[in-house]
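Listed next: structures, encoded as structure tokens.
Each of the two complexes below includes chain A, the first together with chain B, the second together with chain C.
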Partner chain A sequence: MATIKLVDITHTYVKGRVETPALRGINLTFEEGCPSALLGPSGCGKTTLLNILSGLLIPSSGRVYFDDVDVTDLPTEERNIAQVFQFPVVYDSMNVYGNLAFPLKNRKVPHREVDQRVREVACLLDLIDDLDSGPRSLPAGKRQLLALGRGLVREDTSVILLDEPMTQIDVHQRWFLRRELSKVQSRLNITMIYVTHDQYEALTFAEKVVVMNDGLVVQEGTPEELYRNPQHPFVGYFIGTPGMNLMECRLEGNRLELPGFTKSISKALAEKLKKHGAQFKLGVRPEYVHCDTRKHEGWFPLTVTIVEDRGEFQIITLQGDGSSLKSQMPSTLQVTEGQQMWVNFLEEKVKVYKNDQAIV
Partner chain B sequence: MKTRVIWFLLPALLLMSVSAFLPVMTVLNYSLHVLFAGSIPKYIGLENYKAAMHTEPFVKAIGRQFIYTLEILLLEIPLGLALAMTLPKKGIFVGLVLVLLGIPLLIPWNVVGIIWRLFIRADIGVLPEAFKRIGVAYSVEKAHPAWWTVIAMDVWHWTPLVTLLCYAGLRAIPQEFYQAARVDSASKFATFRYVTLPKLKHVMIIAVLLRSMDSFKVYSEPFILTAGGPGTTTELLSLFVSRQAIGAFNLGLSSAFSLIYFIIVLVMCYVLYVTMTQIGERR
Partner chain C sequence: MGIKVENIGKSYGRKIVLNNLSMEVPSKSFTTLLAPTGSGKTTLLRIMAGIEKPDRGRVLYNGIDVTDVPVQKRSISMVYQQFINYPSLTVYENVASPLRVSKERYSARQIDERVQEVAKLLKIGHVLDHLPEELSGGEKQRTAIARALIKGSDFIFLDEPLANLDYKLREELRGELKTVMKGTTIVYATPEPIDALSMSSHIGYLNKGKIVQFGTVHEVYTLPLFVDVGHYFNDPSMNMMEGRLVKEGGKPFISLTGDLKIETSGLEEHLAEHKTYIVGVRPQDLSIMPDRVGMVSFEAEIDFTEIVGSSTTLHLVHGDLNLGLVVHQPEKSHRRGDTITVYLDPQRVYVYEKDSEKLVIAQGEAVPA
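Our next item is the complex of A and B:
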């Protein structure tokens, strides 16, 4: 296992005269033995970054280090990585045993050692009873595990790259595969990088999540940090279901003027904000937006436009004059669409952004 | 409702019966009789079939046909696959190469025969001249050169089909498999053996079956090139049967030859059909 370090990585795809920048200066470290995730929407550059890690692409500039060894120009074969793809990539013409033994045989490992390693890994992945069967007869989740197993049989694997491994796995199998992945991770303590656009997968799998957007790392941190303390409006919006409410606002004395309503704030907060100017972006998570049918002091009136029942709770979309706000409330609250509600949120729960940087 | 369906089917069925069913039945009827052109037919059961299977030239032609099919398969399949693997994968040359490859497939079969007749002419042909320069005697008047010239013509004509099929098959293999093989440090040969070949299996089965069926039906090219000669050394099954039917007057026996030939092709069609549907099920 190795610590993976990316230094000043940029990459631009050139096709004819058209240049498409995919990565715009990435500096990242993936610690040894840490399950990490690269999270971002389609086109954010995460696949490009993965290809740079796997050796499929050489970055336009910047270096890649595996344990202080510069591997930027090394081909895939010499990097000692393992990769799990969007769909299970297994060798159909070999049985499960043959698949697991394949990487070792290619490296001319002695037979006895091959046999021992294959059985160890098969035990770990619960594939021991399937060693003689063909991969086609296995369910998709197990085939994906088999693909992972080919990375685990080698003892010198530096990192395991998982490229949206759940994409083609059905829901039931996903649960199984997720549990197996966590088990493997906790037993072997290996460096894993899980690439996905699915926040749920990233947040449940990884200890460290790197959120990417538009070729840049927007924020990295534990799932908890990303959720509680999004440093960039994109992170707030992208993580959470539904994402953070984001609104433009203006500071006027001790009040924040938002489109459609005004929110009074404490003097301390107003002083703090004043240093940065008057125009801000305000973010608040739906679960901190409270609404009630009765009027309270300092609360503001908005109209309910959509009510989505999610079982235990409901997501209420509220509309003011030019603003839209989502609120998560218990299902016990009686709401109908078109109704007027009184809405408020605590200023301690609010994030304020200036030029896409969190200042509060 | 059901009766109305019949009315819609009737034109197609009528056409089919006139174009396919009636002729085959007529030939079947002929094959069960002693029948010379102009004489009164006499029913003799399967006697014509027994006679056919004891006709040495016919049995030899069947054997020759199987050897021919086997040899062209052994040449065309590996050669087609090798060509497909060397073709460019992307860029401006892809279209050009595919069109060039398609040219032999677009030439009418008898024209292919004529082209090759020009190749082998003693006075202006490219083949005799080429062999003369490397010091090898070559003449289609001799059995072996004639046989291998017919084989070479088939390879020239039909290898592009195998190449195009394999090329399509190769393009359909997801790149992830090759990336995985690289991750697993697989050698070039191991990648070919464990990724490319298994993924091409279905396409290869189709190529083999198409080529074996078509090679059984080959007629115009060898007819124009050698007309089965010298002697009967390049007389394939179709050449033999047509010569019997057109040249001879024993229509009963000729019909038996035709039907045996027909059954061989039919069995091969059946194998093709079964294999292709099984491929569909397995997926």
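Our next item is the complex of A and C:
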């Protein structure tokens, strides 16, 4: 397994005279043995980056290193990578055993060694009872494991790239597959890079999540860091369901003027903010937005527009003059659409951004 | 009123897709057909809409049999998983198209008013002069939804409309669809429990060509009548544990594993001794702290932890059992291999008969047969 380093990577797609920049200067290190994820919306550049890692694409500029070897110009087959795609790539004409053995037989590995490796990998992936089955008879989650297994049988694999591997898999099969992936990761200490638009998958899989937007890395960190401490409003919005509430605000003395309501803040916070100007963006997570049917000192009135029941809690959308705020409250709170609510949040739970950089 | 399907049968060759299926969708409800992939929900939706004909049975709209009425003559709209728009028409013309071909003969002004209205609702006002290929995935699907809304159809059918969208877009549209669709009868097919929970008023859980349970979302969530409904209609899935009813010291217990028992005093007449039951408990109802009175505790080993935004899911192992537990905190203080004490509230469990897979006890109370 290898440590992977991307240095000053840029990439621009050229079609006739039209140039579309896809990556605008990426510097990243994926440590050996660390499960990592590239997370971002469609068009953020994550697939371009994946193609550069796998060797399907040579970047416009910048270098790619596997350990200390520059692989930027090496073709895919010389990089020793294994890939898992949206659709499991398996041979339906062979049984599970044949599928697992194929990459080794192709390399003329001695028969006994092939058999040993196939059984080891099948044990690891809980496919040992399925060796004689045809891949078609396996559930979707197991077919993906088989595709992964074909990458694992070779001992010289330097990295495993997973490209949206859960897309075709039912909700409850995903639970099983996540568990298996996590097990493989911890047993084999493999470098894995998981590419997805789905925060749930990225956060559950990876120890390090790289959030991308518009061809740039916006923030990298553990799932907990990204959730607790989003350094950029995009991360606050993108991580969390629903994402962080983000509102433009103006500092006036010891008050923040927001669209539709005013919030008093401590002197200490006001002083801190004053150094950065008067205009800010304020972020607060829905679980820190409290609402009540009764009036409290300093709370502000908003109207409930949408109530979404999520089983053990509910998401309430609150609207004021020009503002919209989401609140996560227990299902026990009786609330109906159209009702007025008194709303507040603690200033310790607030993030303040200036020019898209967190300052508080 | 609303939509009624009666004794619907449908096969493709030798494969039975729908098997004598009956269901009633209340008027102006947002009904979700929740089902695993391949269980016939798309077929059912297409039969309800009139795109496909059933082999047997009838479809009624507001009490009138429409089984043989062709789809063009029904007041319906349909939205698909694929973003279907006319590629050569602008977004404006795409949205306006149902009115242009309508027999009602709308004036240009009426059309413009309606297009602006639904475009505003679906937040595509700024791309009305664009062609579909210039749009993002989310905008393409918003256009298709706007087109479905503009006619003011009595019934709108949606077949996994969010499946091809990014996670974040899905989340946004989920909130909006509920508002946008208000006042129309909606049937929405999806394999995702969260779609059903966050948007719909009613839910029909479909499996193997039959409606297993139908009711309001609240009814089905609090009273999942069969093992597979309970298991499926929760994310993560409900934990299911098998056990037998035994008597110890004169008290009845369902014994799940060596040291994990759930007392069932007061429910004797609904449970039989030595019979096997399946006990279901939601991952959200297992706890790492004894936060209620009368909780049962047991030791479990942490297999791994997942942080999902504001909550953390622990994957636990206890004997042969694999269990999920949700903690409402983003933390990773628990490590793989650690042993922790888990608390279970006997008042929060669902007890199913193993043979019939039917619910007998729900959260401490007997379920009427």
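In this text, the second predicted complex is superposed on the first by the 360 of 360 C-alpha atoms of A that agree within 3 Å, B and C clash if a C-alpha of one lies under 4 Å from a C-alpha of the other, contacts with A are read in each partner's own complex, and residues count from 1 in each chain.
Just so it is clear, contacts are C-beta pairs under 8 Å (C-beta built on N, C-alpha and C of every residue); 3 or more make two chains touch, one makes a residue touch a chain.
Note that this is a predicted model, so its numbers are computed, not measured.
S.K.: Report clash or fit for the pair chain B and chain C bound to chain A in the combined superposed model.
M.R.: Aligned on chain A, chain B and chain C fit with no clash.
S.K.: Take the Cα centre of chain A as the vertex and report the angle out to the centres of chain B and chain C, nearest 10 degrees.
M.R.: 70
S.K.: Could you look at A:238 and tell me whether it touches chain B, chain C, both or neither (first, second, both, neither)?
M.R.: second
S.K.: Please indicate which partner A:178 is in contact with in the superposed arrangement: first for chain B, second for chain C, both, or neither.
M.R.: second
S.K.: Have a look and say if chain B or chain C is in touch with more residues of chain A.
M.R.: Looking at chain B versus chain C, the one contacting more residues of chain A is C.
S.K.: Contact-wise, after the overlay, does A:336 reach chain B, chain C, both or neither (first, second, both, neither)?
M.R.: Touch partners of A:336: none, neither chain B nor chain C.
S.K.: Quick check: superposed on A, how many Å separate the nearest Cα atoms of chain B and chain C?
M.R.: 9
S.K.: Taking the complex as given, what residues does chain C use to touch chain A?
M.R.: Checking each residue of chain C against chain A gives 36-37, 136-137, 166-169, 171, 174-175, 178-179, 191-194, 197-199, 217-218, 221, 231-232, 234-237, 282, 284, 303-304, 306-310, 313, 315, 322, 324, 330-332, 336.
S.K.: In the complex, go through chain A and note every residue touching chain B.
M.R.: Counting only chain A, the residues touching chain B are 54, 56, 75-77, 81-83, 85-87, 89, 91-94, 102-103, 106-107, 147, 150-151.
S.K.: Can you check the complex and tell me which residues of chain A touch chain C?
M.R.: Contact set of chain A toward chain C: 41-43, 170-172, 175, 178-179, 182-183, 186, 197-200, 203-204, 222-224, 227-228, 237-243, 285, 287, 305-306, 308-312, 315, 317, 328.
S.K.: Quick one: which bits of chain B touch chain A in the complex? Just the residue numbers, please.
M.R.: Touch residues, chain B against chain A: 174, 176-177, 179-180, 182-187, 190, 194-195, 197-199.
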